[in-house]
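Chain nomenclature is as follows: A, B, C and D, assigned in order of appearance, with residue numbering initiated at 1 for each chain independently.
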Amino acid sequence: MPSAAKIAKPVPEHVFPFRVYYEDTDAAGIVYYANYLKFAERARTEMLRARGFDHRQLDAEDGVAFAVRACSADYLLPARLDDALEVRTRVTHVGGATLEADQDITREDAVLTRLKVRLACINRAGRPVRIPAAILAAFRSNP
Amino acid sequence: MPSAAKIAKPVPEHVFPFRVYYEDTDAAGIVYYANYLKFAERARTEMLRARGFDHRQLDAEDGVAFAVRACSADYLLPARLDDALEVRTRVTHVGGATLEADQDITREDAVLTRLKVRLACINRAGRPVRIPAAILAAFRSNP
Amino acid sequence: MPSAAKIAKPVPEHVFPFRVYYEDTDAAGIVYYANYLKFAERARTEMLRARGFDHRQLDAEDGVAFAVRACSADYLLPARLDDALEVRTRVTHVGGATLEADQDITREDAVLTRLKVRLACINRAGRPVRIPAAILAAFRSNP
Amino acid sequence: MPSAAKIAKPVPEHVFPFRVYYEDTDAAGIVYYANYLKFAERARTEMLRARGFDHRQLDAEDGVAFAVRACSADYLLPARLDDALEVRTRVTHVGGATLEADQDITREDAVLTRLKVRLACINRAGRPVRIPAAILAAFRSNP
């Protein structure tokens, strides 16, 4: 949860709108619990793209990728077929080789699922490496 | 494939743009073959929505849903991570209880995958029923 | 985390073997992070089945289902295509309406991913209800 | 479709049993139509493995993989949560660079979905190449 200090000087939030389709739901009539992690990953990809980066370019030019090291999810309310939802992403920590974010999946004003993720920058051998300088700059300046 | 007559008076095409994310790809580095069917279903859902219908409303008001009876796919070219693609859907037949469509998944001018689907309108017991009149009208007029 | 008492008299562990297929992997060449949650859910389903319960029967006879309320995952080592893996599940807490478990996804002696899940028993309206007595008995006796 | 000659000397059928989990179903309460293609791919992988081949070894030793070129599905009856199903695979054609199979997804004696697939052997550049001799031999002898 962001501290009071963080709320006072908030990290800009990235908003990713998406729709719930049949593929996302299960026989309980609601979105299957693993699929919220898919939505969150789409949102992180679009947050990178909005700052000028994409996965193929990161691989081709820097030989790096972001791997999820840890993830936690609190499922508060279920999402349903046809729902128009958003992933609201706040980067909460940018280290030399790791990146942390809170990602809320919301329907209008309600938070349905709260996710926290920790990502590591890895090279093609899967070893942790420093985040490329251009990405660090983009996430630290927060224009 | 649409007949010459149909090409002369073409059914308007619905275009659904989408992005390829990690979840869609596999260890061969390309989109997993089953996932094109997900893209096609998203597109059919949005084509319905563009004409004023959604699955929850169809279930609540008419007690019906569309079930895929048959589907074929020709995989011509692979899609890759980060690709910006489209599903181009042409409804090729509207019967009393069935609906057929051609769905091409395209990247710029190239067709990557050609799908043909036949859908049946079913009630909550899974039995075939007539397509609600409002949907028939929407797909037969083709404004 | 199991208490010392529980370690002294350990809850029997349920072992669910499975294989990694193309559908589970992504373009990074490893298992996509959300898919470990699918493996864990399969294992919980088989753990229930091994004690005589399945989802359809729980719904039909008791009108209940288990919903995931919280889940956390630590990704330690990647799984790859063709890997033969196991989900090792230990129920760590059985409350009146909730059930907690640790689930390790392992390859031979290595833990690849550590999951913790908290499940709630819910009725068809999605409200928390007591776990059916037969299930409670099955998980508390631990023969 | 198998020719009369092939029926007279039938290709042995590979049977792959599996279970339907929540992940496979959708809000209509039945298995989502794209997921039958996942089941079929698991079965093809296990059919290869039963004859001594796996994807990683094929990539490492021969630099080849099998890509689906075409696939058709007839959905006859729905599968449901907890169903114990089988994929029954018959290789119907083995060419120099392609392989065709019929794959029925069955529940007891009922065929739920009939699939036909055409696979191409491709190299790492995605170009069609001859199927490795050991695989050809394994599928042509049919012991």
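Brief remarks on what is shown
The rule we apply is simple: a contact is a pair of C-beta atoms (placed from the backbone, for glycine too) under 8 Å apart; a residue touches a chain by one contact, two chains touch by 3 or more.
These figures come from a predicted structure and were not determined experimentally.
With centres computed as the average of Cα coordinates, no chain lies farther from chain C than B. Across C-D and A-C, the chain pair carrying more C-beta contacts is A-C.
One simple way to say how far apart two chains are is to compare their mean CA positions; for chain A and chain D this gives 36 Å. We define each chain's centre as the mean of its Cα atoms; on that basis chain C and chain D are separated by 29 Å. A straight line joining the Cα centres of chain A and chain C is 25 Å long.
Shown for chain B are the residues that touch two or more other chains, namely 22-23, 27-28, 34, 38, 41, 55, 80-81.
Those residues of chain D whose C-beta lies close enough to touch chain B in the complex are 27-28, 33-35, 37-38, 41, 55, 65, 67-75, 78, 126. Across the complex, chain B meets chain C through its residues 22-23, 25-30, 32, 34, 80-81. On the chain D side of its complex with chain C, the touching residues are 19, 21-23, 38, 41-42, 45-46, 54-56, 80-82.
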